[in-house]
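There are two complexes below, and they share subunit A, which is joined by subunit B in the first and by subunit C in the second.
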Partner chain A sequence: MIIPLFVLTVVLAFAFALYALADIRPSLTPLVSLVTIADIVVIFGMFGMLYKGVEITLIAAVIVTSFAVKKYKNNIKEKLSDFLQPGVILFATSCLLMLAYLSYAQPIMHEWDEFSFWGISQLLIKNHDRLYTYYSSSMLGQSIPPALPVLSYIFQWCGTRFVEWTGFFAYDVLMFAAFSAFTAAFERKSTNSAIFVYLLAFITPFFFAVSEFLTYMKPVYITAYSDIPMALTFAGAVAVYFFSEKGNENAIIPVLPVLMFITFTKDMGLALGCIALFVIFFDMLVARENFVFLKIKGFFGKCFAAFVMLMTVGGTYFGWGFHLGKVLAVNRTDYGGSSGMGIVQMLLTGVKELLIGPKSDKFLFIQDNFIQAFSGTKVSMIGSGRNVVLLIVIIFVFAFVFGDKKGKKRSATMLFSTTVGFVGYYIFHLLLYVYILGDEAYNLVSYDRYMYTYYIPWLMMAVFCLAMAARDGAKFWAKGALAGIVCCVLLLFNFYIIPENIFTGVTGNSFAIRKDVAAKADHIRDVIGEDDVIFLYCGQDDGMRWFTYTFELIDNYIIPNRGFVSTGQTEQETKQLLQKEMYDRFKDYGVTHMLMDWTSHDFCLYFDELCDVSTSETGNAAVGYYKVIYGNNSLRFELVKGGKVNFD
Partner chain B sequence: MIKKIEKIPFIALLLTAFITVAVVFGANGCLNYYKEMSARKEGTLVTKQLQVQDFVIDGMREKDGQWQTTDGDPKLMINISGMFTGIEFTAEYLVYPGDIIRYYFTQPGEGFSPRKRLYVSQNNDNPQLYRCKTPATYVVDIRLDPTTVAGNMIDFDSIIINPPHSLSDYLTPAPYHLMMWVVYSLLLAAIFRFVQEFFTKSFE
Partner chain C sequence: MIEKIKNISSRRIILGTALALVALFLAKGAFGLVTETVARKNGSLEYRVMLVQDMEWSGIENRDGVLITTDLDPQLATREIAKFSSLKFYMEYTVFPGEMVVYYMEPGDAGFSANKRVWLTPVQGEMGWYTADTSMKTVSAIRIDPTMYAGNQLTFGDFIFNEEKTVTDYFEISAGDIFNLFLYTGIISSVLKFLQEMLKKEID
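Right, the complex of A and B next:
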């Protein structure tokens, strides 16, 4: 608890320095400070200096802060009181409350992709003190950029072991920093408006996660999934520009580290970064008179600013690609997937197929589904995407009607540019489903998750415009609208939420599979050698238990069971064929041990005779760890350790 | 009058809001406690000890004095048709049970709804004790899903429905309540301030 608290303090201190030295609006500084620190550490990490990188960056942040304090020694009290705007106070308070809650409840990871990438990468980085590109492991997705796992690392870099809830805390700090940026229109005299915006931002992720938590617990603030933090950082990038008062580079340069962070988050971050700079560029065109960027004035200055942002996004993307090429010898642009296409090729082929044709059956089928899903698939508490867009447009209309002259222009432009962004985002995902995803594309797997990644920031951007109206326009009406929206969303939240289902309600039961697997892994951990290559047998596993084992036994290779396919005429023949198949596969992977998690009827029938202890005694409620003895074209399994496992 | 309102600082509004919400939460707890007490006095709410056999059983069979689940969605159902405050049972599971869930139905023949679902939680001091409590409500049927694992063995000891609550049960806040306390209080303070601005006609 001490280390995360210390890092949080440094982030806040550096935020103060950014305010004092670079004259960034106070409420924007927590986000800029956090992502700047994270970006620098990622770059250090890309050169194999992760641990040192954190130390150097934090020390540098402290030095910069002391310099700022020294410079304003005489009026430090004034400066501090100016710095403590409502956004900053709300940010610091919610971080502390969250820290207290997390260290009390100590939640653990328990969702699918936390074990395929988002959680396991945090564990790997912490265990090795290096980026995961530098060594091989059972983890999938080695080419995914590392901003979020590194963020988790920063908050526990010198801890003795990886703590899962610290990872959640790092994400929460990022999200709360974004919320703080959303409130940046308001200073202390308008605290109540800042509270409205902050609360709305806090509840909004739940507003969209509804379809999942009706059947599942959707944790939002205790998850390693990247979608919601990335979505909020995207809105944060726009906020950092939008709420800046200055008509010069001071409005643009703070955006750059945020854009860099988004692009470092996930491949999709490239698309979101581009949309962010598109939105910012259009707002610059209508709202910034006498704009000067690095001494270049007017329209060309704006173009140059957009160009610098584009270079940042592109540079980050290709920088990571360069790193991959150097360290892993793989090509970043190669998206792979079912058709083995690169991303540029995908866009070219896709746009051609969309506009000119001829369209394949898969394309037509998914296109139809995509159009239907917009009005048919539930993505939020108020229903489908169509309803969400309607709500967003209504907020924009409020902002337009209640805004002052400049506010009206900005709201209209923002509505236009974000809508274009949405259409692009939607088409981009259509192409992803058609060309990159395999058969799972036909039922639009994870559609809602991909979509709320845009709806959440879009809704917040509409709120930015309304916030401006509450400050500069028809204050009473705009503020009333803001309050009304918060109340409505809270009402819906109360209606839908089951207290046990959200992050405050987690109990041991929520982590059932995880705890079961952990208990079994702990039971045999002492007999597992460093170089063991383990074949995991788990009857009826959909992959979740295998993922969880790769997390629990992080230092070993875990080979999943992919099912046995050969069949012969008789049972005896089938048995011989299957045993031969297993032998070949084990030789291929160099399997040294077998872990029996859950046995099955088939396994008992075909393979039990190879084991010295029947798997019916070591599977299910017990666990068995067998050594594989290779014979002449045959296998034997010798039990190393096994037994019943208590889950209490 | 307006001069006085104008002078109230925001911190005072905030404090008032926090106290108000706490009082409302407390009053709500007391009211629920009173409801349960009066239902017990009238005899519409009685604590009962049941056997597994008293339930309509699905996806489970008796084996050596224990219960073995035959699929991943075993159910225990019972008709209550009256006031209901929760369920409490002691049981020993062979493997980790997964989510233990209770559903309740407020209309006869009503279908399953994820919104009428509550998780049964394990007691910290006695891991074999599982309980799920709710404020007294009228229900028709309840359904208990004791595990999500097929082939699990469950050794039920006793099942109690409508266990009595003490007043402190109703007043002890869960983390969720603490979070909502903060959320509601901030919102209320912000609205107070908005009203204050309305009276003084100065919107900031």
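Right, the complex of A and C next:
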């Protein structure tokens, strides 16, 4: 708890320095401070200096803060008082409460993709003090950018071991910092309006992330998934620009580290970074008068500012690509997938097919599904995407009607640019489903999750405009509308989420598979060598247990079972074919051991004769770890360790 | 009176809201205590012990005296409980059960629904016992989902419905209650402050 608390303190101190020295609005500073620190550490990490990078960056942040304190030592109390705006206070309070809760509840990772990448990458980075690109492991997605795993690392860099809840806390700090930025329209005299916006932002992810678990709080703030943090950071980037009062580089430069962070978050971050850039540029063009960027005035200044943002996003994207090329010899632009296309080829082919044709059967099928899904697939508490868009438009209309002259212009501009952004985002996903995803594309797998990554920030951007109206326009009506929206969302929140069930998801039996696998892994850990290449057999696995084993036995290669496909005329022929297939596969992968997690009828029938101790003795609540003995075109399995495991 | 309201400070509004919510929580606990005590006395809330044989099964097979789950959604149900406030039961298993849930159907409901369920949690210090508590409800049926895995060998002990609670049970504070306290204090006090501003005509 001490290390995360220390890092949080440094983030806040650096935020104060940004306010004092760079004149950034206080509520925006926690986000800018956090992502700046994370971006710098990622860059250090790309050069193999992760541990030192954190030390240097945190020390630098402390030095800058000391300089700011020294500079304003005569009126430091005044400065501090001005810094403590509602957003900053809400940010610090939420972080401390969450820190207390997480350190008490000690939740662990238990969701699918936490073991495929988002959690396991944090574990790998912490264990090795290096980015995961520098060594090989069973982890998938080695080319995914590292901002979130690195953020988790920063909050525990000098700890003795990886602490999972600290990773959740790092994500929460990022999201709370974004919420703070959302409240930047309001100063202390309008604390209640800031609270409306902050709590609305807090509840909004639940408003969307309910499609699977309607009645208990899906662990939005206790998960290593990247979608919601990325979505909120995207809205945060727009907020940092939107709420900046300055008509000069002061409005743009703080956005750059946020754009950089989004692009460093995930491949989709590039698309979101570009949309944020577009929204900002459009607002500059239409609504910012007398704009000067690095002494260049007017239209050209705006274009130059956009160019700098584009360079930041592009530079980050290609910088990571350069790192991958150098360390892994991987081409970043090659998405691969079912059609083996690169991203540029995918966009060109897709846009041509969409606008000119001819369209393939797959394209037509998925396009129809996408159109129907917009009004037919539930993505939120109020239903489909169509309903969500309607709600967002209503908020924009409120903002337009109640805003002052400038506010009306900005609301209309923002509605237009974010709608264009949405259309682009929707088409981009259509193309991803058509060209990158395999058969699962026909069912629009994860459609809701991909879509709320845009709906959440879009809704918040509409709220930004309403917040501006509440500050500068017809305050009574705009504030009333803001309060009304918050109360409506809260009512829905109450309707869907039963109070008794809040937090149960992370303290009850949700960790069943994880606990089971962890207990089995612990049981055999002492006999596993560091070079063992382990074939995992689990008769009832849908992939989840394999993913979980890759996490628990992080230092070894875990080869999954792919099922038995060969069939012969007789049982004996089938057995011979399958054993030969297994021999070849084991040889290919250099398998040294077999981990029998959960046996099956088929395994007993075709392979049990190869084991010195029958696998039927392993399985439910019991495990077996076998050494593979290679013969002439044959295999044998010798039990190294096995037995009953108590995982209650 | 209106002048007094106009002059209430923000701190007092926040503190007042928080205290009101705490009072509401206590009142809710007291209400539960009183209504359940009365219901117990007049016999409508009945302490009842059942065995697994007394229930309807689905997704569970009895193979030579051993209960084995046959699909991913095994269920036990009863229609013999009229008022429901708690359940506690004993279960042994061969595969970790995963999420365990109790559904309740109220009179007039067409079936069990996702927003009428309570999660079962292990009883601290009592190995093998699971429990679910809720405020007293009139029910037409109760369904227990004891595991989310097939091939699980289950051994059940007693199913205890509506066990008498201690006074402190009604006032137990959960992490969810604390979360709600912060959430509602923030929103309600902000709405009150807004109304006060309106009263003071500080908002144009």
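Convention: the second predicted complex is superposed on the first by the 636 of 648 C-alpha atoms of A that agree within 3 Å, B and C clash if a C-alpha of one lies under 4 Å from a C-alpha of the other, contacts with A are read in each partner's own complex, and residues count from 1 in each chain.
One rule holds for everything that comes next: contacts are C-beta pairs under 8 Å (C-beta built on N, C-alpha and C of every residue); 3 or more make two chains touch, one makes a residue touch a chain.
Here the structure is a predicted model, which means the values were calculated and not measured.
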Partner chain(s) touched by A:V486 [first = subunit B, second = subunit C, both, neither]: both
First, second, both or neither for A:M311, with subunit B first and subunit C second: neither
First, second, both or neither for A:V393, with subunit B first and subunit C second: neither
Partner chain(s) touched by A:A105 [first = subunit B, second = subunit C, both, neither]: both
Which of subunit B and subunit C A:L96 touches, first, second, both or neither: neither
Subunit B versus subunit C as contact partner of A:K475, first or second or both or neither: both
Set intersection of subunit A contacts, subunit C complex versus subunit B complex: 97, 101, 105, 191-193, 195-196, 198-199, 202-203, 214-215, 475-476, 479-480, 483, 486-487, 490, 496, 498-500, 502, 504, 507-510, 512-513, 515-516, 620-621, 647-648
Touching residues (chain side subunit C, partner subunit A) in the complex: 10, 94-100, 114-115, 117-122, 127, 133-134, 148, 150-153, 174-177, 179-180, 182-183, 186-187, 189-191, 193-194, 197-198, 203-204
Partner subunit A, residues of subunit B touching it in the complex: 10, 93-100, 114-115, 117-122, 127, 148, 151, 174-179, 182-183, 186-187, 189-191, 193-194, 197-198, 203-204
Subunit A - residues contacting subunit C, complex: 97, 101, 105, 191-193, 195-196, 198-199, 202-203, 214-217, 474-476, 479-480, 483, 486-487, 490, 495-496, 498-504, 507-510, 512-513, 515-516, 540, 620-621, 647-648
Touch list for subunit A against partner subunit B, complex: 97, 101, 104-105, 189-193, 195-196, 198-199, 202-203, 214-215, 475-476, 479-480, 483, 486-487, 490, 496, 498-500, 502, 504-505, 507-510, 512-513, 515-516, 519, 620-621, 647-648
